[in-house]
Amino acid sequence: MKVIMDLCIVPMGVGVSVSKYVAECQKVLQEAGLDHQLHAYGTNIEGDWDEVFAAVKQCHARVHAMGAPRITTSIKVGTRTDRNQTMQDKIDSVQTP
Amino acid sequence: MKVIMDLCIVPMGVGVSVSKYVAECQKVLQEAGLDHQLHAYGTNIEGDWDEVFAAVKQCHARVHAMGAPRITTSIKVGTRTDRNQTMQDKIDSVQTP
Amino acid sequence: MKVIMDLCIVPMGVGVSVSKYVAECQKVLQEAGLDHQLHAYGTNIEGDWDEVFAAVKQCHARVHAMGAPRITTSIKVGTRTDRNQTMQDKIDSVQTP
Amino acid sequence: MKVIMDLCIVPMGVGVSVSKYVAECQKVLQEAGLDHQLHAYGTNIEGDWDEVFAAVKQCHARVHAMGAPRITTSIKVGTRTDRNQTMQDKIDSVQTP
(Lines give C-alpha, C1' and ligand atoms only; values in the text may rest on other atoms or scores of the structure.)
Protein backbone atom coordinates (compact mmCIF):
# COMPACT_ATOMS: atom_id res chain seq x y z
CA MET A 1 0.00 0.00 0.00
CA LYS A 2 1.45 3.34 -1.18
CA VAL A 3 1.18 6.35 1.15
CA ILE A 4 1.70 10.07 1.07
CA MET A 5 2.49 11.33 4.57
CA ASP A 6 3.01 14.62 6.33
CA LEU A 7 5.23 14.19 9.40
CA CYS A 8 5.90 16.69 12.18
CA ILE A 9 8.03 15.49 15.10
CA VAL A 10 8.14 17.62 18.26
CA PRO A 11 10.76 16.70 20.88
CA MET A 12 9.78 17.86 24.38
CA GLY A 13 11.97 18.60 27.37
CA VAL A 14 14.93 19.73 25.28
CA GLY A 15 14.42 23.47 25.25
CA VAL A 16 12.87 25.76 22.72
CA SER A 17 15.00 25.00 19.67
CA VAL A 18 14.41 21.65 18.04
CA SER A 19 16.02 22.06 14.61
CA LYS A 20 18.88 19.64 15.24
CA TYR A 21 16.34 16.88 15.97
CA VAL A 22 14.41 17.66 12.81
CA ALA A 23 17.67 17.64 10.84
CA GLU A 24 18.44 14.17 12.21
CA CYS A 25 15.04 12.95 11.03
CA GLN A 26 15.83 14.27 7.54
CA LYS A 27 18.92 12.03 7.65
CA VAL A 28 16.77 9.05 8.63
CA LEU A 29 14.52 9.67 5.61
CA GLN A 30 17.52 10.04 3.30
CA GLU A 31 19.10 6.85 4.61
CA ALA A 32 15.80 5.07 4.04
CA GLY A 33 15.82 6.22 0.41
CA LEU A 34 12.38 7.77 0.73
CA ASP A 35 11.23 10.71 -1.41
CA HIS A 36 10.64 13.58 0.99
CA GLN A 37 10.29 17.34 1.02
CA LEU A 38 10.76 19.55 4.06
CA HIS A 39 8.36 22.49 4.54
CA ALA A 40 7.92 25.06 7.28
CA TYR A 41 5.72 22.85 9.49
CA GLY A 42 6.71 19.28 8.69
CA THR A 43 7.96 16.99 5.97
CA ASN A 44 6.06 15.34 3.11
CA ILE A 45 7.07 11.72 2.50
CA GLU A 46 6.05 9.28 -0.20
CA GLY A 47 6.54 5.52 -0.33
CA ASP A 48 5.37 2.09 0.70
CA TRP A 49 3.36 1.98 3.95
CA ASP A 50 5.78 -0.29 5.79
CA GLU A 51 8.92 1.57 4.73
CA VAL A 52 7.50 4.98 5.57
CA PHE A 53 6.25 3.95 9.00
CA ALA A 54 9.51 2.12 9.75
CA ALA A 55 11.27 5.44 9.09
CA VAL A 56 8.91 7.26 11.47
CA LYS A 57 9.73 4.72 14.18
CA GLN A 58 13.42 5.17 13.45
CA CYS A 59 12.99 8.96 13.84
CA HIS A 60 11.50 8.46 17.31
CA ALA A 61 14.33 6.10 18.26
CA ARG A 62 17.02 8.54 17.06
CA VAL A 63 15.48 11.59 18.70
CA HIS A 64 15.19 9.74 22.00
CA ALA A 65 18.79 8.57 21.59
CA MET A 66 19.84 12.21 21.14
CA GLY A 67 18.45 12.89 24.60
CA ALA A 68 14.83 13.93 24.15
CA PRO A 69 12.83 12.25 26.94
CA ARG A 70 9.47 12.85 25.27
CA ILE A 71 8.23 13.20 21.69
CA THR A 72 4.82 14.16 20.35
CA THR A 73 4.38 13.66 16.63
CA SER A 74 1.63 14.72 14.24
CA ILE A 75 1.08 12.63 11.14
CA LYS A 76 -1.31 12.94 8.23
CA VAL A 77 -1.33 9.88 6.00
CA GLY A 78 -3.27 9.33 2.81
CA THR A 79 -3.92 6.16 0.82
CA ARG A 80 -6.04 5.64 -2.27
CA THR A 81 -7.09 2.66 -4.34
CA ASP A 82 -8.63 4.52 -7.28
CA ARG A 83 -5.40 5.83 -8.77
CA ASN A 84 -1.70 6.21 -8.25
CA GLN A 85 -0.76 9.74 -7.17
CA THR A 86 2.57 11.34 -6.29
CA MET A 87 3.24 14.31 -4.02
CA GLN A 88 3.86 16.41 -7.14
CA ASP A 89 0.55 15.26 -8.67
CA LYS A 90 -1.27 16.57 -5.60
CA ILE A 91 0.36 19.99 -5.93
CA ASP A 92 -0.22 20.09 -9.70
CA SER A 93 -3.90 19.24 -9.36
CA VAL A 94 -4.43 22.33 -7.20
CA GLN A 95 -2.23 24.68 -9.20
CA THR A 96 -3.60 23.77 -12.64
CA PRO A 97 -7.26 23.12 -11.96
CA MET B 1 8.50 1.23 22.53
CA LYS B 2 5.18 2.10 24.18
CA VAL B 3 2.92 4.68 22.50
CA ILE B 4 -0.18 6.68 23.22
CA MET B 5 -1.94 7.57 19.97
CA ASP B 6 -4.87 9.63 18.83
CA LEU B 7 -6.29 8.30 15.56
CA CYS B 8 -8.83 9.94 13.25
CA ILE B 9 -9.60 8.15 9.98
CA VAL B 10 -11.53 10.04 7.29
CA PRO B 11 -12.81 8.01 4.33
CA MET B 12 -13.31 10.13 1.22
CA GLY B 13 -15.58 9.55 -1.76
CA VAL B 14 -18.21 7.70 0.26
CA GLY B 15 -20.64 10.50 1.03
CA VAL B 16 -21.09 12.64 4.07
CA SER B 17 -21.68 9.99 6.74
CA VAL B 18 -18.66 7.95 7.74
CA SER B 19 -19.77 6.39 11.03
CA LYS B 20 -19.92 2.82 9.72
CA TYR B 21 -16.26 3.06 8.70
CA VAL B 22 -15.28 4.39 12.09
CA ALA B 23 -17.26 1.59 13.75
CA GLU B 24 -15.34 -0.96 11.67
CA CYS B 25 -12.06 0.55 12.90
CA GLN B 26 -13.26 0.16 16.48
CA LYS B 27 -13.67 -3.56 15.70
CA VAL B 28 -10.11 -3.70 14.36
CA LEU B 29 -8.82 -2.21 17.61
CA GLN B 30 -10.90 -4.63 19.69
CA GLU B 31 -9.72 -7.62 17.67
CA ALA B 32 -6.13 -6.42 18.17
CA GLY B 33 -6.71 -6.40 21.94
CA LEU B 34 -5.59 -2.78 22.22
CA ASP B 35 -6.80 -0.43 24.95
CA HIS B 36 -8.74 2.31 23.21
CA GLN B 37 -11.28 5.01 23.92
CA LEU B 38 -13.50 6.66 21.32
CA HIS B 39 -14.11 10.40 21.61
CA ALA B 40 -15.95 12.92 19.46
CA TYR B 41 -13.05 13.54 17.07
CA GLY B 42 -10.98 10.36 17.09
CA THR B 43 -9.89 7.43 19.22
CA ASN B 44 -7.17 7.24 21.87
CA ILE B 45 -5.11 4.03 21.69
CA GLU B 46 -2.40 2.70 23.97
CA GLY B 47 0.09 -0.10 23.32
CA ASP B 48 3.31 -1.26 21.77
CA TRP B 49 4.45 0.78 18.74
CA ASP B 50 4.36 -2.13 16.30
CA GLU B 51 0.98 -3.45 17.43
CA VAL B 52 -0.67 -0.05 17.38
CA PHE B 53 0.65 0.86 13.92
CA ALA B 54 -0.24 -2.60 12.57
CA ALA B 55 -3.82 -1.88 13.69
CA VAL B 56 -3.79 1.50 11.91
CA LYS B 57 -2.69 -0.23 8.70
CA GLN B 58 -5.42 -2.81 9.18
CA CYS B 59 -7.97 0.02 9.57
CA HIS B 60 -6.91 1.46 6.20
CA ALA B 61 -7.13 -1.98 4.58
CA ARG B 62 -10.62 -2.62 5.97
CA VAL B 63 -11.99 0.80 5.10
CA HIS B 64 -10.71 0.45 1.54
CA ALA B 65 -12.22 -3.07 1.41
CA MET B 66 -15.58 -1.57 2.45
CA GLY B 67 -15.45 0.56 -0.69
CA ALA B 68 -13.75 3.82 0.26
CA PRO B 69 -11.42 4.74 -2.61
CA ARG B 70 -9.47 7.31 -0.58
CA ILE B 71 -8.60 7.77 3.09
CA THR B 72 -6.92 10.66 4.88
CA THR B 73 -5.95 9.95 8.45
CA SER B 74 -4.70 12.22 11.23
CA ILE B 75 -2.51 10.70 13.93
CA LYS B 76 -0.90 12.11 17.03
CA VAL B 77 1.57 9.74 18.63
CA GLY B 78 3.54 10.21 21.82
CA THR B 79 6.48 8.27 23.21
CA ARG B 80 8.56 8.92 26.31
CA THR B 81 11.63 7.38 27.87
CA ASP B 82 11.53 9.17 31.23
CA ARG B 83 8.54 7.33 32.66
CA ASN B 84 5.73 4.96 31.92
CA GLN B 85 2.40 6.73 31.45
CA THR B 86 -1.08 5.47 30.61
CA MET B 87 -3.92 7.32 28.89
CA GLN B 88 -5.63 7.63 32.28
CA ASP B 89 -2.44 9.03 33.85
CA LYS B 90 -2.45 11.82 31.26
CA ILE B 91 -6.03 12.75 32.08
CA ASP B 92 -5.41 12.53 35.84
CA SER B 93 -2.35 14.78 35.66
CA VAL B 94 -4.47 17.56 34.17
CA GLN B 95 -7.50 17.11 36.39
CA THR B 96 -5.61 16.88 39.69
CA PRO B 97 -2.72 19.27 39.22
CA MET C 1 -21.20 28.64 12.05
CA LYS C 2 -21.15 25.82 14.60
CA VAL C 3 -17.95 23.81 15.07
CA ILE C 4 -16.74 20.68 16.77
CA MET C 5 -13.04 20.94 17.52
CA ASP C 6 -10.27 18.79 18.87
CA LEU C 7 -7.54 20.90 20.48
CA CYS C 8 -4.08 19.81 21.61
CA ILE C 9 -1.75 22.53 22.90
CA VAL C 10 1.95 21.68 23.34
CA PRO C 11 4.09 24.23 25.22
CA MET C 12 7.78 24.00 24.29
CA GLY C 13 10.83 25.06 26.24
CA VAL C 14 9.21 24.38 29.64
CA GLY C 15 10.49 20.89 30.36
CA VAL C 16 8.88 17.53 29.92
CA SER C 17 5.73 17.95 32.01
CA VAL C 18 3.06 20.19 30.55
CA SER C 19 -0.02 19.26 32.59
CA LYS C 20 -0.29 22.60 34.41
CA TYR C 21 -0.51 24.40 31.07
CA VAL C 22 -3.20 22.04 29.86
CA ALA C 23 -5.08 22.55 33.14
CA GLU C 24 -4.95 26.31 32.60
CA CYS C 25 -6.48 25.85 29.13
CA GLN C 26 -9.30 23.84 30.69
CA LYS C 27 -9.99 26.90 32.85
CA VAL C 28 -10.07 29.11 29.77
CA LEU C 29 -12.68 26.84 28.19
CA GLN C 30 -14.76 26.78 31.38
CA GLU C 31 -14.60 30.55 31.71
CA ALA C 32 -15.72 30.84 28.08
CA GLY C 33 -18.73 28.66 28.88
CA LEU C 34 -17.90 26.22 26.11
CA ASP C 35 -18.91 22.55 26.21
CA HIS C 36 -15.68 20.58 26.31
CA GLN C 37 -14.37 17.15 27.17
CA LEU C 38 -10.76 16.32 28.00
CA HIS C 39 -9.33 13.08 26.63
CA ALA C 40 -5.87 11.53 26.75
CA TYR C 41 -4.53 13.43 23.71
CA GLY C 42 -6.48 16.68 23.58
CA THR C 43 -9.84 18.25 24.33
CA ASN C 44 -13.08 18.14 22.33
CA ILE C 45 -14.88 21.49 22.19
CA GLU C 46 -18.26 22.44 20.75
CA GLY C 47 -19.64 25.89 20.00
CA ASP C 48 -19.84 28.85 17.70
CA TRP C 49 -16.79 29.31 15.41
CA ASP C 50 -15.85 32.73 16.75
CA GLU C 51 -16.24 31.81 20.41
CA VAL C 52 -14.29 28.58 20.09
CA PHE C 53 -11.40 30.18 18.19
CA ALA C 54 -11.33 33.14 20.60
CA ALA C 55 -10.83 30.59 23.38
CA VAL C 56 -7.98 28.95 21.49
CA LYS C 57 -6.29 32.34 21.14
CA GLN C 58 -6.82 32.96 24.84
CA CYS C 59 -5.19 29.59 25.62
CA HIS C 60 -2.08 30.63 23.67
CA ALA C 61 -2.00 33.99 25.47
CA ARG C 62 -2.31 32.36 28.90
CA VAL C 63 0.27 29.66 28.27
CA HIS C 64 2.75 32.27 27.02
CA ALA C 65 1.95 34.39 30.10
CA MET C 66 2.75 31.36 32.29
CA GLY C 67 6.24 31.42 30.82
CA ALA C 68 6.19 29.13 27.81
CA PRO C 69 8.25 30.82 25.07
CA ARG C 70 6.92 28.61 22.28
CA ILE C 71 3.68 26.73 21.62
CA THR C 72 2.76 24.29 18.88
CA THR C 73 -0.91 23.40 18.71
CA SER C 74 -2.79 20.76 16.73
CA ILE C 75 -6.41 21.42 15.87
CA LYS C 76 -9.02 19.41 14.04
CA VAL C 77 -12.16 21.39 13.29
CA GLY C 78 -15.36 20.19 11.66
CA THR C 79 -18.29 22.13 10.25
CA ARG C 80 -21.36 20.90 8.43
CA THR C 81 -24.31 22.51 6.72
CA ASP C 82 -26.43 19.39 6.19
CA ARG C 83 -27.40 18.87 9.82
CA ASN C 84 -26.82 19.94 13.36
CA GLN C 85 -24.61 17.49 15.25
CA THR C 86 -23.25 17.48 18.81
CA MET C 87 -20.10 15.81 20.14
CA GLN C 88 -22.32 13.16 21.74
CA ASP C 89 -24.14 12.57 18.42
CA LYS C 90 -20.81 11.76 16.79
CA ILE C 91 -19.97 9.19 19.45
CA ASP C 92 -23.48 7.69 19.36
CA SER C 93 -23.42 7.31 15.57
CA VAL C 94 -20.36 5.09 15.83
CA GLN C 95 -21.44 3.10 18.86
CA THR C 96 -24.98 2.35 17.66
CA PRO C 97 -24.57 1.91 13.92
CA MET D 1 0.39 37.67 17.94
CA LYS D 2 2.25 36.32 14.92
CA VAL D 3 1.57 32.73 13.81
CA ILE D 4 2.94 30.13 11.45
CA MET D 5 0.20 27.71 10.44
CA ASP D 6 -0.16 24.53 8.49
CA LEU D 7 -3.69 24.18 7.08
CA CYS D 8 -5.28 21.11 5.47
CA ILE D 9 -8.96 21.40 4.53
CA VAL D 10 -10.84 18.21 3.62
CA PRO D 11 -14.30 18.61 2.08
CA MET D 12 -16.52 15.56 2.64
CA GLY D 13 -19.52 14.36 0.65
CA VAL D 14 -18.22 15.75 -2.65
CA GLY D 15 -16.53 12.70 -4.11
CA VAL D 16 -12.94 11.62 -4.18
CA SER D 17 -11.33 14.63 -5.88
CA VAL D 18 -11.08 17.77 -3.80
CA SER D 19 -8.51 19.85 -5.71
CA LYS D 20 -10.95 22.54 -6.84
CA TYR D 21 -11.86 23.23 -3.22
CA VAL D 22 -8.21 23.47 -2.24
CA ALA D 23 -7.60 25.81 -5.19
CA GLU D 24 -10.43 28.04 -3.96
CA CYS D 25 -8.79 28.21 -0.53
CA GLN D 26 -5.53 29.31 -2.20
CA LYS D 27 -7.53 32.19 -3.68
CA VAL D 28 -8.86 33.10 -0.25
CA LEU D 29 -5.30 33.26 1.10
CA GLN D 30 -4.14 35.37 -1.86
CA GLU D 31 -7.07 37.75 -1.47
CA ALA D 32 -6.22 38.08 2.21
CA GLY D 33 -2.66 39.05 1.27
CA LEU D 34 -1.18 36.34 3.45
CA ASP D 35 2.20 34.74 2.76
CA HIS D 36 1.48 31.09 2.02
CA GLN D 37 3.09 28.07 0.41
CA LEU D 38 1.21 25.03 -0.87
CA HIS D 39 2.78 21.60 -0.27
CA ALA D 40 1.61 18.07 -0.96
CA TYR D 41 -0.43 17.73 2.25
CA GLY D 42 -1.53 21.25 3.16
CA THR D 43 -0.51 24.89 3.01
CA ASN D 44 1.89 26.84 5.21
CA ILE D 45 0.63 30.31 6.14
CA GLU D 46 2.30 33.14 8.01
CA GLY D 47 0.74 36.26 9.51
CA ASP D 48 -1.13 37.88 12.35
CA TRP D 49 -3.30 35.49 14.41
CA ASP D 50 -6.58 37.25 13.67
CA GLU D 51 -5.95 37.63 9.94
CA VAL D 52 -4.83 34.05 9.49
CA PHE D 53 -7.78 32.60 11.40
CA ALA D 54 -10.21 34.90 9.61
CA ALA D 55 -8.90 33.41 6.35
CA VAL D 56 -9.43 29.89 7.66
CA LYS D 57 -13.04 30.75 8.48
CA GLN D 58 -13.45 32.25 5.02
CA CYS D 59 -12.12 29.01 3.50
CA HIS D 60 -14.80 27.00 5.33
CA ALA D 61 -17.48 29.46 4.20
CA ARG D 62 -16.37 29.30 0.56
CA VAL D 63 -16.03 25.52 0.46
CA HIS D 64 -19.51 25.12 1.95
CA ALA D 65 -20.81 27.67 -0.58
CA MET D 66 -19.30 25.55 -3.37
CA GLY D 67 -21.54 22.71 -2.23
CA ALA D 68 -19.56 20.70 0.31
CA PRO D 69 -21.95 19.75 3.12
CA ARG D 70 -19.18 18.80 5.54
CA ILE D 71 -15.58 19.85 6.11
CA THR D 72 -12.93 18.44 8.40
CA THR D 73 -9.80 20.55 8.71
CA SER D 74 -6.43 19.86 10.31
CA ILE D 75 -4.43 22.82 11.58
CA LYS D 76 -1.04 23.10 13.22
CA VAL D 77 -0.35 26.55 14.60
CA GLY D 78 2.80 27.82 16.25
CA THR D 79 3.44 30.99 18.23
CA ARG D 80 6.57 32.12 20.05
CA THR D 81 7.48 35.01 22.27
CA ASP D 82 11.25 34.47 22.37
CA ARG D 83 11.99 35.54 18.81
CA ASN D 84 10.49 36.46 15.49
CA GLN D 85 10.67 33.62 12.99
CA THR D 86 9.46 33.26 9.41
CA MET D 87 8.50 30.12 7.52
CA GLN D 88 11.80 30.35 5.64
CA ASP D 89 13.73 30.69 8.93
CA LYS D 90 12.24 27.39 10.09
CA ILE D 91 13.36 25.62 6.94
CA ASP D 92 16.82 27.23 7.04
CA SER D 93 17.38 26.24 10.67
CA VAL D 94 16.94 22.57 9.73
CA GLN D 95 18.89 22.67 6.47
CA THR D 96 21.92 24.55 7.83
CA PRO D 97 22.27 23.22 11.34
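Labels A, B, C and D are assigned to the chains in the order they are written; within every chain, residues are numbered from 1.
As a convention for this text, a contact is a pair of C-beta atoms (placed from the backbone, for glycine too) under 8 Å apart; a residue touches a chain by one contact, two chains touch by 3 or more.
Everything numeric in this text was worked out from a predicted model, so none of it was measured.
The minimal number of chain-to-chain contact steps leading from subunit A to subunit C is 1.
One finds 25 Å separating the Cα centroids of subunit B and subunit D. Centres computed as Cα averages put subunit A at a distance of 19 Å from subunit B. Touching two or more other chains at once are residues 13, 16, 69-70, 72, 74, 76, 78, 80, 82 of subunit C.
Chain contacts here are complete: no pair of chains fails to touch. Across the complex, subunit C is touched by residues 4-6, 8, 16-17, 19-20, 22-23, 26, 37-42, 44, 46, 74, 76, 78, 80, 82, 87-88, 90-91, 93-95, 97 of subunit B. Taken together, the subunit C residues at the contact with subunit D in this complex read 1, 13, 49, 53, 57, 60-61, 64, 69-82. By the touch criterion given at the top, residues 10, 12-13, 15-16, 18, 69-70, 72, 74 of subunit A touch subunit C in their complex.
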